[in-house]
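A, B, C and D are the chain letters, set down in written order, and residue numbers restart from 1 in every chain.
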Amino acid sequence: MGMALGTLDELPLAYRAALARNSLAPLWPMMRDVLPHGGPRPVTLPHLWRFSELRPLLLEAGALTPVEKAERRVLVLTDPGRGAGAMQAAPVIYAGMQLLLPGETAPAHRHTPSAARIIVEGEGAYTVVDGEKCPMHRGDLVLTPGGAWHDHGHAGTEPVIWLDALDLPLFVYLEGSYAEEAPLQAPRNRPDACEAEYLASGLVPSRRHGRAPAARYPMLRYPWARTEAALRRLADLGPSGEATELDYVNPETGESCLPTLGFTAMMLRPGETVAPARRSTSAVFHVVGGRGTAVVNGERFAFGPADTFSAPVFADITHAAAGAEPAFLIRIHDRPLQERLGYYEERPRS
Amino acid sequence: MGMALGTLDELPLAYRAALARNSLAPLWPMMRDVLPHGGPRPVTLPHLWRFSELRPLLLEAGALTPVEKAERRVLVLTDPGRGAGAMQAAPVIYAGMQLLLPGETAPAHRHTPSAARIIVEGEGAYTVVDGEKCPMHRGDLVLTPGGAWHDHGHAGTEPVIWLDALDLPLFVYLEGSYAEEAPLQAPRNRPDACEAEYLASGLVPSRRHGRAPAARYPMLRYPWARTEAALRRLADLGPSGEATELDYVNPETGESCLPTLGFTAMMLRPGETVAPARRSTSAVFHVVGGRGTAVVNGERFAFGPADTFSAPVFADITHAAAGAEPAFLIRIHDRPLQERLGYYEERPRS
Amino acid sequence: MGMALGTLDELPLAYRAALARNSLAPLWPMMRDVLPHGGPRPVTLPHLWRFSELRPLLLEAGALTPVEKAERRVLVLTDPGRGAGAMQAAPVIYAGMQLLLPGETAPAHRHTPSAARIIVEGEGAYTVVDGEKCPMHRGDLVLTPGGAWHDHGHAGTEPVIWLDALDLPLFVYLEGSYAEEAPLQAPRNRPDACEAEYLASGLVPSRRHGRAPAARYPMLRYPWARTEAALRRLADLGPSGEATELDYVNPETGESCLPTLGFTAMMLRPGETVAPARRSTSAVFHVVGGRGTAVVNGERFAFGPADTFSAPVFADITHAAAGAEPAFLIRIHDRPLQERLGYYEERPRS
Amino acid sequence: MGMALGTLDELPLAYRAALARNSLAPLWPMMRDVLPHGGPRPVTLPHLWRFSELRPLLLEAGALTPVEKAERRVLVLTDPGRGAGAMQAAPVIYAGMQLLLPGETAPAHRHTPSAARIIVEGEGAYTVVDGEKCPMHRGDLVLTPGGAWHDHGHAGTEPVIWLDALDLPLFVYLEGSYAEEAPLQAPRNRPDACEAEYLASGLVPSRRHGRAPAARYPMLRYPWARTEAALRRLADLGPSGEATELDYVNPETGESCLPTLGFTAMMLRPGETVAPARRSTSAVFHVVGGRGTAVVNGERFAFGPADTFSAPVFADITHAAAGAEPAFLIRIHDRPLQERLGYYEERPRS
């Protein structure tokens, strides 16, 4: 174990050339790169994207590029560890701030990656997913699962901004990412399932035998009003100093609301500091409301409403709420994927 | 197929005696009894238990027998198809009306059958299940799953009556029914999980890695107020003439709230008639509110609040609400058991 | 807890009559019968059915009753705890010895209960299950799952005897037992799946996407030759004094081969005594080969080839092989059902 | 849809600089790269690695680098679509040919990626996995699942060569790849589970209640002799012109033998041509025996024993066996991962 492994330079040039000719490469000079000892060596760097800085740039994009030439007018949050233009904030997480101006639409389409959006600002926008029309209010989580047709519209009067989160990098990595387009959908004339069918925990529409099984994604919108109320109640009762967290799940199965990305709503009580275990997942945190600080691997971020920050795998993270109000965040992570791989892990802080 | 099978009488007496001596019996004379052709031959008969008749008898039981000598003061709803004293209303369903007087308690105990109770009348009672104290209001469904310690108390001033539903007959049949007793439990000082943790559909407490898994039965009380509100909303949106039904499920898994018995809340809109498919399950219907009629295999029951009626397997059932108010029922059935056996089936009406 | 519960006799006659008129019954006088304290009170009694005594009676049935008048010429093993004519050997287990004479057939039919048969004597019989023709050799286990069409035929020259095991009592209890008939099936012209597709542990036919999913019961025959060879190998390697046991499972899922009944092949090494934990299941043991003794709740059975014996729930059982040969048994039990109910349990010996 | 999207060049330099300063990037110029229309644009190129060319280079590696300086003496099969030194043959598949010389050992270690090896040449090597000693014969598949301790040894007299297949690229992508080391393990003194416990399809060791659950990976070796015999039998019976394929599965659950990588044994009958549907998985094919040709997206590979070739996602592949003998291949693919993501798909040939 102690001995240094051989390097590429130690191999004769002719041998190296013969390997290259045959699409072969020696493992041992690369071994410690792909299988480091003791723990992973993440490339991802923690970063804070301040909404106050991002918002003007996003509105400027609206002015610079008509939606027809952008299709989706999005500024992608690029991991500084990967260099300019990286289409991801963490290994599995694409996060982008999208702007929709009054009257604009996004064409109906579907793609292999799954998406969820968290509404940041503005009223009047909606997403239609497989015919189900979901209104979009601040803090709402709206799903567009992989393979589901979706389009967006905006019947309001002010710009709408939302945060898109997708497992796009995973599908790019798998060489399985692609999209298809279609005409705009005719939405059904009824409220979305969270208003019609999934109104109380533990109650689901009775299954009709012989009919098609329940939709794989029966509930597409998780209204923030419910989430905040549930967090506040949980915080009243739970022990202090411990995270107050709710996972977004499929109400028919209890599984994560999307196959690879997980979404966890967090509340920090006023003045509270929470220091969770290190997790094998990376994460993007979006601030729905309140102010505070996050220290990620020693880097300090002061956050406020609509800010977004990231953390790599196995990061030491400390969250604290500032001021007299609680802070509310949604953590976007890849725990569902890691659990499907049998790999998810938590470790004591370092 | 046409030929009649041999009968017991056709066999020589000496042969029959030799069989009996050897604990043997010929199949063919019994064949059509245990395996009838074309469909099952249920023993269970439909029946309506009127609360107006049952209630005085139950209160009289309170006067006749001190709770110490009754342990649980219950009048069992006995299937008339099985003769007097049958401890069941349907093959898998024990249903009994229980009376608890102010200040009375039921000793802490647990048993292999699973139970749920539906509160019928009176305020102030509670059930403690594995330390979780569940208040009991009219229409609430409160679970005491098999193996869970539970006791009851009554801090109110009026008699409390509830309907117990258990899969006791199944465990008696399996020769697996028994109970154990213990001292009263010290309840935890916090609201039960439906008030603390399961406040919104699709949101569950974030799972902590490495801790014990979520309790097998994380939510023990389903408050009627939520159920009725959800039914009314669903009825506003769903198609008329079709059952408005919600299943009670485990909010962590989407599975039925108990392993063998299922509970389905039903609403009939004012004046509405619903004629569902015939089901392979038998059922007991309890009326939480409203009035109407049910026709079960041609037998007509006019029902009102707190009444209870039963239906055998594959029954033709027609429900209708009477008057200007909707009717609300909870259907207790054995669909979860039948689905675990791969046997549940629905058929067109005969 | 100490106080005796009130009895039926203590209640006024008029009150008892009023209850009966209303199809009601007081729980408390029956309470200890249906929910005994501390453990179940099984009705089932252990019993040994000697093949040497059963065989002549079965052959006599062949002489007394033509197959047309018997449909299936079976002597049912009746639990002595239930009295003459009981169509079961244990709560969930029907067991019957069936005789098929050369040239006889059993009509094609299907039923809600699931069956398996263990071939006891004779060559040349076969079962066709949903078109799959399964030859039947001594010790083979052949499945006819609930709902599957099946018929039997006999192309040999000597009587064939097999042991049928069904969960018939469960379906009778559920009021769900019935049968349907059809013309004889035309078997497919290929060996059954155990000869064609399931030839090695851990290898299954590659699943074709978009085609119908694998049959729910992909392998219908478990040849004894393989079972015995695997048991002998396992016995060579495993620790002495501990049961050498293999469960029959679905090779596509690892689940029990039928939904409610389990089948476990056992080997006792020459001279070995095995004293397993007490199980919450009842069981019927069939001796495929070898001799020995079983002591069930203190009752001693000397067993030899083709004998069958039963044991109630939570029985203390001690098995011992006699002579220089190992003993081979197949244990039929209801562990799959009990595990689906979350109720299966093992306890130390008493 | 028809309009070209805006490009990076069309944006003002100052705007682009402001974005870069804020770790932001516009989506629309990159949109078609990460989400192409109509189907994925794989980077992976099909390639054939001839064993006759690879073997001398691998033996030369043995001469050039002592095992101490190589740890594992492996030549990695690098996808020509990714450029020199790529540590992968396809998105999720690392494949490398490993050489072990007589007397050499590989140190005990474990890592987050899962591995399987297929033995190519030489006798006498073995792998110890969590104490289970697996001998390695030509064509055997031996698993070292993620997290399992493993070491290799070689008690024979000739070089041993095997093909390692790992989901290493996935764990590198997830920033979760790492290894740990430990002293050599003391193997248990009994044959591995495929020789001891999993000897017949549909038979598994009886589960002991209350004990630790069956190992997650109960069978670590799949002997080629069994696989080839089962393939030949299946080919005798199955329809011609259709792939004769067996999947390697966990005998306790029927799931794929590893969480993300799938292994499928294929047989081509003498002279047979097989043209399967296009699959969303990429694949690496290893030739265990026989000769033939594969045409992958129009590129023709003549293959013989121990050759290995690759195919990208949705490739058109045609296999044909040459000569009088059947050809046997093992296909390594990522269908288990894709099925866990709900993404696996097959399409008609183009």
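Here, a residue touches a chain if its C-beta (ideal position, glycine included) is under 8 Å from a C-beta of that chain, and two chains touch if they have at least 3 such contacts.
Heads up on the chains, UniProt names are A, B, C, D = Gentisate 1,2-dioxygenase.
Worth saying up front: this structure is predicted, and the values here are computed from it rather than measured.
Engineer: Average the CA atoms of each chain to get its centre, and name the chain whose centre is farthest from that of subunit D.
Structural biologist: Relative to subunit D, the chain with the farthest C-alpha centre is B.
Engineer: Quick one: report the Å distance separating subunit B from subunit C, using the average Cα coordinate of each chain.
Structural biologist: Chain centres of subunit B and subunit C, defined by C-alpha means, are spaced 30 Å apart.
Engineer: Report the inter-chain centroid distance for subunit A and subunit B in whole angstrom, where each centroid is the mean of the CA atoms.
Structural biologist: 43
Engineer: Mind checking the centre-to-centre distance between subunit B and subunit D? Centres are C-alpha means, answer in whole Å.
Structural biologist: Result: the chain centres lie 52 Å from each other.
Engineer: Connecting every touching chain pair, does the picture come out as line, ring, star, complete or other?
Structural biologist: If you draw each chain as a dot and join those that touch, you get a single closed ring.
Engineer: Along subunit C, where are the residues that touch subunit B in the complex?
Structural biologist: For subunit C paired with subunit B, touching residues are 1, 3-6, 10-12, 15, 18-20, 22-28, 30-31, 34-44, 47, 49, 53-54, 57, 60-61, 64-65, 68-80, 84-87, 91-92, 96, 107, 111-113, 146, 168, 170-181, 216, 259-260, 280, 282, 312-313, 334, 337-338, 340-343.
Engineer: Okay, in this complex, where on subunit C does subunit D touch?
Structural biologist: These residues of subunit C touch subunit D: 190-191, 194-207, 209-210, 219, 222, 226-227, 229-230, 233-234, 237, 243, 245-254, 257, 264-265, 277, 279, 344-346.
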